[in-house]
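Same chain, two partners: chain A is paired with chain B first, then with chain C.
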Partner chain A sequence: MDWVAVGLKEDVPPGMVIPSRISDTELALWCTPSGRYHAWSDRCPHRGMRLSHGFVRGDTLACIYHGWQYNEAGSCEYIPAHPKLTPPDTICVPTYACAEAGGVIWVSLAGTDMPLPVLGGRVPIRSLQISLSAPDLAAHFGAHSFTTIAVVSDHEALLAVQPCTDRTCMVHALAAPDADRKVVSRWLEDLRATLEGVPS
Partner chain B sequence: MNAAIDNHWYPVAMISGIDAPRETLLLGKKISLGREDGTCWVLDASGAELPTVERFGHLWTSPGQPNRDLFTIPEADSPGRRLVDVGSVKVKCSPLRAVENFLDIAHFPFVHTDILGAEPHTEVDRYDVKIREEVDEVWATKVKFYQPQAAKSAAGGITTEYMYRVPAPTCSVLYKTCPPRPGEWDVITLFVQPLTEEWCEVWPWMALYDDESTMSEMVSFQQLIFMQDRSILENQLPRKLPLDPGMEVPTQADMTSVAYRRWLKKIGYTYGAQLVAA
Partner chain C sequence: MILYDYVLSASCYKVRLMAALLGTPLTLRAVNFHPGREHKSPEMLALNPKGTLPILQDRDTVLTDSADILRRLTADHPEWQNTDDDRWLAFASDLNDSLGLARLHDVIGYEADIDKARAAGVSALRKLEAHLTEQRFDGLIFLTGSNPTIADIACFPNTALAPDGGVTLDPYPSIRLWMRAIRSLPGFIEMPGIHRLHELAHPA
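On to the complex of A and B.
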């Protein structure tokens, strides 16, 4: 599978974890204090608690329920209830390929050899939820893939589409560095109204 | 009908809270309840009368034919205790997850930070767990944990001793060191009404020695604790409790939960449980 945008860099500052998703796969998206991004299955293997409710401590993500700490490879390296125990290698969280490029965080669930999307120097403007499935949104623009959709005629915008549910997706929009952010933002809201069939 | 599930007593209301007749759910089925001339009644969806017991400030019923009486808590009858109806909290999780969380101490420093636990006091020492065959209950004893504020009545941090008891699939009784009377046990219970397999109403109840705190202070303390638990319970995946090993990873600190799951499996209690086949 291709790279999918799951959030903007500015929404996940160092030391932060947030929930995200690609269709039915729920993700815990987090950033180490030194700025490395990770996308993991949003479930602690101990008791099934969502890791996106956890906290970043050093270069680990800790579960909020019992404080189990997972290193950047997703392996459990500390169990507070048993401080002297070295946790077995078998306790680990499923991890996904994750990288930041152009201010956008990208995830590939199946892993990929594809290079990260080329953004042509555009900068992130904002993320917007739209009540339309990702394939339907791509079809609106006549695009086959929804990794990125170029809308050159309007502010040289580039839309990176994140499939969420059968009826919703998240659009992460980028535009030329010299574009007026307010104008682009307004254009996006109009676009959403059109796509959702609401008179703007 | 499933006797292994239906033939138990379930809490369905706090007696002091029954003013007018009302409907609720028990095991996914509609029931109605009320009180007339000081006596509580419960009807099933067809209008048939269900058996009732009034105990521990709560109304209990059963959709089946319970083969034993509702459990008792003899310690709670000793004089001088304050009996505290905490009220109810509805939680979107399996009733079994709610009970299991109540049996867990390792989460105290992270979920009840600076109240029931605090880093760096996170270690859980070995304790004893047993399924007491003669009474068919799960018991954990000699459980010890350092607590900054063990109860409303505690003046500072103490190492608290706990005993846990599971006398029914959706109920647990906790006996814990009483801060003002170290030789006695405070009694804190969690009575869980299974509304559906993934939705429950939790009725905590307490029998405490505490001559200082007001009733509302004791209620608020316990409600705060349970609100913190709810933020966990509504975010565990899956919502049902996995009974078979493999989906979750227990450690030595989880011996009570391991015994609880094993006991549920042994008695065939699958309501709110996730089995491998499911």
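On to the complex of A and C.
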């Protein structure tokens, strides 16, 4: 699969972990204190707790349940109940390709050699959920691929679409660097209302 | 001051949280709201004919509206008040009537049109997210500015507890950062369903 936008850099500051998803794949998306982003399967290998409920400590992500800590490669590095134990290599979290570019965090589930999407100098505005499937949203704009959709408008907006469920997607919106962010944000609210068929 | 309190009530938590952040001592009187319905007992109805919680008793004064209680607690703390608070205190009622109702339905079996309550909750969360996003454009993290006020304390509990009522908070990045800022405040206290930020030691 191609690169999929899963969030904006501004929304996931260093030291934070959040839940995200690409269709049926649930992700724990986190940022190290020095600003490196990681996207992992959202399950602790120990007891299946969501790692997105956990917390970032140094360059590790710790599970909230029993505190198992995973290093940036996804390998378990420390088990609080067995402080002297070096955890075996087999205890690791499935990780996915993750990169930040242009203020957007991108994930590729299958790993990809494709270059990251070209944003044309646009800057991130905000992310918002729309109650439409990603394919339905893409169809609305006549696009064949739903990874990125350029929208012709006053703001030169670009919508990067993240498939979530069969009824929802997240839209990560970018616009021209000189755009008024509040104006674009309100335009996005109106666009959502139109797409969802709700009178604004 | 005496707070007639129920630990699972979002509105009682507003009062406990505000007092904790101010460092104001409260005497808590636990009321068996569920399953005892003690808030409808003759003794409690004598204090508050409306039969609701929280109730704040300060000598001869009895307050039964959480917004009034927040105003009174901060009367000598002007830094916790803003001219914009009123509309957010009103908005907090919308959160209570939507997300709060959905939670009471799911947690203690309240009668409710659950689909309607959740839909109204999502609508309210979208408004909150839009406002907080615009605040962030101006470099502000709280509802009315760069510092928290009673507006934030009034809106925080039912928002943070939305998942208890089957409403996800995952799609709201600005709400997430706002809640994190509130949970980071000195003196912050927890309630069941709302935990503080973790300060666990990293291994030596």
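What we mean here is this: the second predicted complex is superposed on the first by the 199 of 200 C-alpha atoms of A that agree within 3 Å, B and C clash if a C-alpha of one lies under 4 Å from a C-alpha of the other, contacts with A are read in each partner's own complex, and residues count from 1 in each chain.
In this section, contacts are C-beta pairs under 8 Å (C-beta built on N, C-alpha and C of every residue); 3 or more make two chains touch, one makes a residue touch a chain.
None of the values given here were measured: they were computed from a predicted structure.
**Student:** According to the contact criterion defined above, which of chain B and chain C contacts more residues of chain A?
**Tutor:** If we count touched residues of chain A for both partners, the winner is C.
**Student:** Quick one: is A:R50 in contact with chain B, with chain C, with both, or with neither? Answer first, second, both or neither.
**Tutor:** first
**Student:** Determine, under the contact definition given at the top, whether A:M170 touches first (chain B), second (chain C), both, or neither.
**Tutor:** Second partner only, chain C.
**Student:** Contact-wise, after the overlay, does A:E189 reach chain B, chain C, both or neither (first, second, both, neither)?
**Tutor:** Only chain C is touched by A:E189; chain B is not.
**Student:** Looking at A:P83 after the superposition, I want to know if it touches chain B, chain C, both of them or none. Which is it: first, second, both, neither?
**Tutor:** both
**Student:** A:I91 contacts which: chain B (first), chain C (second), both, neither?
**Tutor:** It touches chain B, and chain C stays clear.
**Student:** Please work out whether A:Y65 is in contact with chain B alone, chain C alone, both, or neither, and reply first, second, both or neither.
**Tutor:** Touch partner of A:Y65: chain B, not chain C.
**Student:** With the two structures laid over each other on chain A, which partner does A:R181 touch: chain B (first), chain C (second), both, or neither?
**Tutor:** Touch status of A:R181: second partner only.
**Student:** Where on chain A do the contacts from chain B and from chain C line up?
**Tutor:** Shared contact residues on chain A (touching chain B in one complex, chain C in the other): 64, 67, 80, 83.
**Student:** Could you list, by residue number, the parts of chain A that touch chain B in their complex?
**Tutor:** Residues 26, 42-43, 45-50, 53, 63-67, 79-83, 85, 90-91.
**Student:** Which chain C residues qualify as touching chain A in the complex?
**Tutor:** 126, 129-130, 133-134, 136-137, 170-174, 176-177, 180, 197-198, 200, 202-203
**Student:** Enumerate the contact residues on chain A facing chain C in the complex.
**Tutor:** That would be residues 7-8, 10-13, 16, 18-20, 55, 57-58, 60, 62, 64, 67, 69, 78, 80, 83, 126-129, 168, 170, 181-182, 185-186, 189 of chain A.
**Student:** In the complex, go through chain B and note every residue touching chain A.
**Tutor:** Those residues of chain B that touch chain A are 106-107, 109-111, 119, 122-124, 231-232, 235-238, 242, 247-253.
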